[in-house]
Amino acid sequence: MMLNIVPKDSFQNGVHPPEHKDETSHLAIRRFAFAPQLIVPLSQHLGKPAIAVVREGQEVVRGQTIGEPDGFMSVAMHAPASGVVKRIALAPSISGTMVPSVYLQPFPASSQEVDDGEPCDVATATPDEIITAIQQAGVVGLGGAAFPTHVKLKPPDGKQLDTLIINGVECEPYLTTDHRVMLEQSADIFMGVRYLLRVTGAAEVIIAIEANKRDAERKLTKACPPDLPLSIRVCPVKYPQGAEKLVIKSLLGREIPSGGLPADVNAICVNVATTAEIGRLLPKGRGIQERVITIGGPGIQRKGNYRIPIGTTVRFALKETGAADNVSRVFLGGPMMGPAVSNLDIPITKGTSGITVFTTAETIEATGHKTVYPCIHCARCVEACPLFLNPSYLGLLAKSEEYMQMAEEFHLMDCFECGACSYVCPSHIPLVQYFRLAKKMVRKLNVPA
Amino acid sequence: MLGKEVSATDDFVKGLWRENPVFVQVLGMCPALAVSNTAINALTMGLATTFVLIMSGMSVSALRNFIPREARIVSYICIIASFVTAVDYVIMAISLELHRSLGAFIALIVVNCLILGRAEAFASKNTVSRATLDALGMGAGFTVALLWIGVVREILGSNSLFGIALFPDAFQTWTVMVLPSGGFFAMAMWLLLVNWLKNRQTESQAQTQELTP
Amino acid sequence: MSELKKYLEIGSSPHVTSGDSVEVIMRNVFIALLPVCIFAIYSFGAAAALVLATACVSCIATEHVLCKVTSQPSTIGDWSVAITGMLYGLTLPPDLPLWMVAVGGVFAVAVGKFLFGGLGSNAFNPALVGRAFLQAAFPQAMTHWALPLGDTRFVELPNSTLALPFAQPVYDAVTAATPLAAMKFDGIQAVNRDLLFGLTSGSAGETCAVLILVGGAYLVARNMMNWRIPISIFATVAAITWIFNLYAPGSYATPAFMLLSGGLMLGAVFMATDMVASPITNAGCWLYGFLIGSLVVVIRFWGGMPEGVMYAILLANAVSPHIDWFIRPRVFGVGGGTG
Amino acid sequence: MTGPVQQPPTSAWSMYRAIVGIGALCGLLIVTVYQTTAARIRENQERFLAMAVAQVLPAARSTLGVALTEDGRLEKTGEEFALPIFLGYDASGKLVGAVITAEGMGYQDKIRVLYAYSFDLDAIVGFKVLDSKETPGLGDRIEKEPHFLANFEKLDATLTPGGDSLLHPIVTVKQGQKINPWELDGITGATITSEAIGNILNNSATTWAPVLERNAQDFAIVELTEEP
Amino acid sequence: MSEASHWSIFINAALINNFVLAYFLGICPFFGVSAKLETAVRMGGAVSFVMLVASVCAYSINLLLEVINAPYLRIISYILVIASTVQLVEMLIRKLSPATFRAMGIYLPLITTNCAILGLALFQTNRGYGFTNAVVYALGAGAGFALALVLMAGVREKLDLANVPQLVKGTAAAFVVAGILSMSFMGFAGLGR
């Protein structure tokens, strides 16, 4: 199977940005307060938005389904708190567009008991039943992509899955949610693994952990039930180790074909937090109403890992954790891939793995106000790109607006915007930004054809 | 009457600047660079080319109703080649030295795209007098352009102009200018200058147009 | 905190960078060149100092003026033109008339860099373009070499240095042959130790191999140079020379001589590695180095000139777009590595 | 070129008429010009060679073109200047030398030279570059550098006792290092070109000097019928 | 008189006295088709091929002209015979190998009356090359032309993505590149002796 030589347990290229994980990795997960108003977008995942099944003014119980999936490429939505639906209207999102959302006002005095649903027993349920249960639980990839997990679990016809990878790499600087989940929710993880094994029929499970989370490795090794066909592998610390393509390459030495799926190399990769959530929710028939995020960065006073209700606005989250006065940049996720927030009134969704806050000082030091030089062909980006693209040439093409050539000859569409090229570029060329735009243009140009 | 006057002048003038064969149309580059290492070579080449241009233009124009469309290219080439052969012998008769320094490039006037181009594009469609004027203009433009390149290259490269020494002997000649690369650079320099002038011209025209709508 | 700032900065991810910048890289190259410059001045005296200074000033001034004329912000702050100037000065004979130095400097930056679009766009190494122009324009002056370590080198300037602009230089009687010329035309091979420590005549900065290697090592250690290019050049030159030397020791120089003499060190370490004009992939760099090495040997052994590093690098610069075209990184999941 | 194309507007006849007509006109033009200029061109060529001879073999007052036959003898060609070799006679009709053209590869391209061989001195006594593309300022110094041209006051080309080759091959040495009369004092900075000249002369003299010496007797005197 | 070796003739025609960079022959197609690498390669192939044909043609015609003692017909007969032979070959290729024709056929008519081709024919005559020498000369000239064209195309493609000043873009930039290439080719001088 392995056709080329790979460094042990890792992929080629990549970068080593400062991790900043020590700041929060030792802090246990805490519950976050309920905001006076929660905004629950009906589309927090890739695919079709859910269909709202509540009316304005209706009272809902925490955990109650408020949105039903619209077809297979869609998942359910649940009320993050007991309260009243104030209105169903458009709300701002991270991408800048307005999306239909449920505005929920929690009852201030409610005990916030969760409403349980139909349990799904791992021992008796059929794979299809589990898939439906996962869809109904509203589970999406919590690593950041927010791809509906049940879709992923159903490989295309004719594909056999032999390995299930539980991705606990979490390579983004500042983020420690997966780390804490592994330390605190090992039982949930192993329960989730059981569900996933049943659905996929994989023979083997590998939990991937980066070398900077040895305590998690020890914890999981100790807690691992002996009947699971499970191994834990530690990868060297390198960004972007956590990307699906690369974690599969690192552990199995298999390369997902350009434009292909993990199933093409008989593997499936599920985020560790997603797995834990499946293991936590399905036995009780609950849906996702909260998630663990890291709120950190130099601009935050009370850094930490919080279990936060979906729909909490960034503004509320920052207020509660004590953001500094000179906040200059806020981004959802880590600094490498996280999109910057322009409007603090956007809600935290299922795909949000953290909030990182930079003050003016970091912004200036790290990215801001630096001269953009022309590309000097230093080839650092070529040596950084984990997918062996040629960001230097792509950047030049993007500048000349040769978008189709970028896609057809230089595999633009393979780029997953990890940011390694921009990170190393000594000319400070916003390569990722160029590629994002180029990809958008290519999609636009390809649609009519 | 007036219109015809203007167009006749224009036939001649356009080759000098607006449609200069070398600097604007970038035609006939091969002789423009190869034999422009001295001004005298450039001048001879320019005159020879002009002669062929005029004669072939006149002939083509005169015979334009006699030559069927299908046979036109071969006829033009025949006509041009004959005049070139004639020029070749005439120059040999005038001065062997000159002929030697121009080498095979006199013969290569045949394939100068300028001549065939004018024959095809202009002479074959116009009267003898207009064709002559056009050829005269183009030839003059070509000669002047060649001369400019030649002057620069000779002054810097050989410290002389038309073979007459210019500066005291202590002048350091720039050998590169008589080398092929110097030809490319001199040409590039003139092209830049012409581009710049043209740009300025269009800009100022645009400005005046803006001012007088 | 009660009121969060209204105005947030938005920027595209990633929101952190590695900290290196073009300016930093260029400054480091400049630092790596300093010892070579100092040795050049030590070895060839005041004349070399003037040549280097004129080279730098003419290059920097040209760039500044051209930027102003075309109403762009001046780009001299990125240090790249300073490096061009310094490298260019290091490739010149130390007793070259200063007016020629200035002419070449203007040409190097105006034609070799600016016409192509400035930093990052120059298809050829500007310093070598300037030098090649001088070589073509003033072949006599460019093949006139001073003796190193002359007694009066710090107190007297050679006549030629201060030749009037556009006037032919008048040379002092003392003239020397570079080690390569001595080898090519007289079959005299210089002592390797002299070559290593720069006790020979030649261009201002090409003589001391040790300092050039030290500068190169510094840059490699700071990840500011692709070491594959010089190594590939050295290996190619050494290998080809070794074979011929084995076959006919009398007619061909030894590998050590070939590596240490002439501009090979300076060219391989500082010129060929010009990021802009060299290939982008590592495999491409190996090939590029091989090409330069082969051309150097071919020109030195069988060509008309004793030295060919400059031409070899310029030609390889012209080939490097093709190398980039044919040697591309294998994209992840395409071909070979597909599970 | 592609033969008559049958199209309504053009008949085959008009094609033929045009091509033949133009061919005739062109032929007429070329032949006329050739006829008119031929004499002049020939005159030019002769004047050019006469000037060259005056430079390389000033002693000669008249020349006689000769050619090499297959059995190694020289014979008259009936022309005054027959390239690549002709003989020179002084005012009294006595054979003073031969003027020979030779060529070989230089630095850039072929170099063609004219040189004179003196029967009395057994040496090369005159030299002129006919054609060279050598680098101006370096290689082209072979044409005007005084110390280099001084080589050809008397460059030894004595034959071996057997008379079939040169006793000492002509070689180029570094500038200022000429010791023997058969050595060519080179030009610093134009080493390749000066070496090329040495090679050209050596090759040519090795071929021609024996032939000339063998045949000198037959052409020793010429009747002075034509005075230039 | 020493006969130059074939190798020397080849190197001389291809590198030292490169048709484009030293003689300026074929400048028009050189600048015309050197903007893209692919077309440059095809054009290079086509020119090399036509040069070979032209060289053989010129050699034969010259023999004939010497027999009938009509040097004054040289120019006109060279150009006519070469042009028609190339056209014949073009038709032949179109019949025999449509793929080859598509690859370089469209360039053939462009180069039949090109100065590089006629220049080759005249130079080989002036130098008095015999048949094999002439063929080697044509091969060298063709290879040199193709080399220059391909190098030029690579650099120009690179310049397409560079921010070349508006004033320089196009022909002027091409001339500068050609000048630098021409300077670089000076390094080959003295080879092939």
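Here are some notes:
A, B, C, D and E are the chain letters, set down in written order, and residue numbers restart from 1 in every chain.
The rule is simple: contacts are C-beta pairs under 8 Å (C-beta built on N, C-alpha and C of every residue); 3 or more make two chains touch, one makes a residue touch a chain.
Please read all numbers here as calculations on a predicted model, not as lab measurements.
Counting steps between touching chains, the shortest path from subunit C to subunit E takes 1.
Ranking all chains by how far their C-alpha centres lie from the centre of subunit A, first place goes to D.
Chain-level centrality, scored on Cα centres against the all-protein Cα centre, points to C. Just count the C-beta contacts per chain pair and the biggest one is A-C. The centroid of the Cα atoms in subunit B and the matching centroid in subunit D are 35 Å apart. Chain geometry summary: the mean Cα position of subunit C and that of subunit D are 45 Å apart.
In this assembly, the C-alpha centroid of subunit D lies 30 Å from the C-alpha centroid of subunit E.
Distance between subunit A and subunit D, defined via averaged C-alpha coordinates, is recorded as 86 Å. Residues of subunit D found to touch two or more other chains are 1-2, 26, 30, 33-34, 107, 135, 137-138, 192.
Taken residue by residue, subunit C touches two or more other chains at 111, 117-118, 120-121, 133, 136, 138-139, 304, whereas all remaining positions touch fewer.
Taken residue by residue, subunit A touches two or more other chains at 374, 393, whereas all remaining positions touch fewer.
The full set of touching chain pairs reads A-C, A-E, B-C, B-D, B-E, C-D, C-E, D-E.
Across the complex, subunit B meets subunit C through its residues 167, 169-172, 174-177, 179, 181-182, 185. Only residues 21-28, 31, 72-76, 79-80, 83, 113-115, 117-119, 122-123, 126, 167-168, 171-172, 175-176, 178-180, 182-183, 186 of subunit E touch subunit B when the two sit together in their complex. The residues of subunit A lying in touch with subunit E in their complex are 374, 393, 396-397, 399-400. Every residue of subunit B that touches subunit E in the complex is listed here, in rising order: 26-27, 29-34, 74, 77-78, 81-82, 84-85, 88-89, 103-104, 107-108, 110-113, 116, 176, 179-185, 187-188, 191-192, 195-196, 199.
Note for the complex: subunit D touches subunit C at residues 107, 135, 137-138, 174, 189, 191-192.
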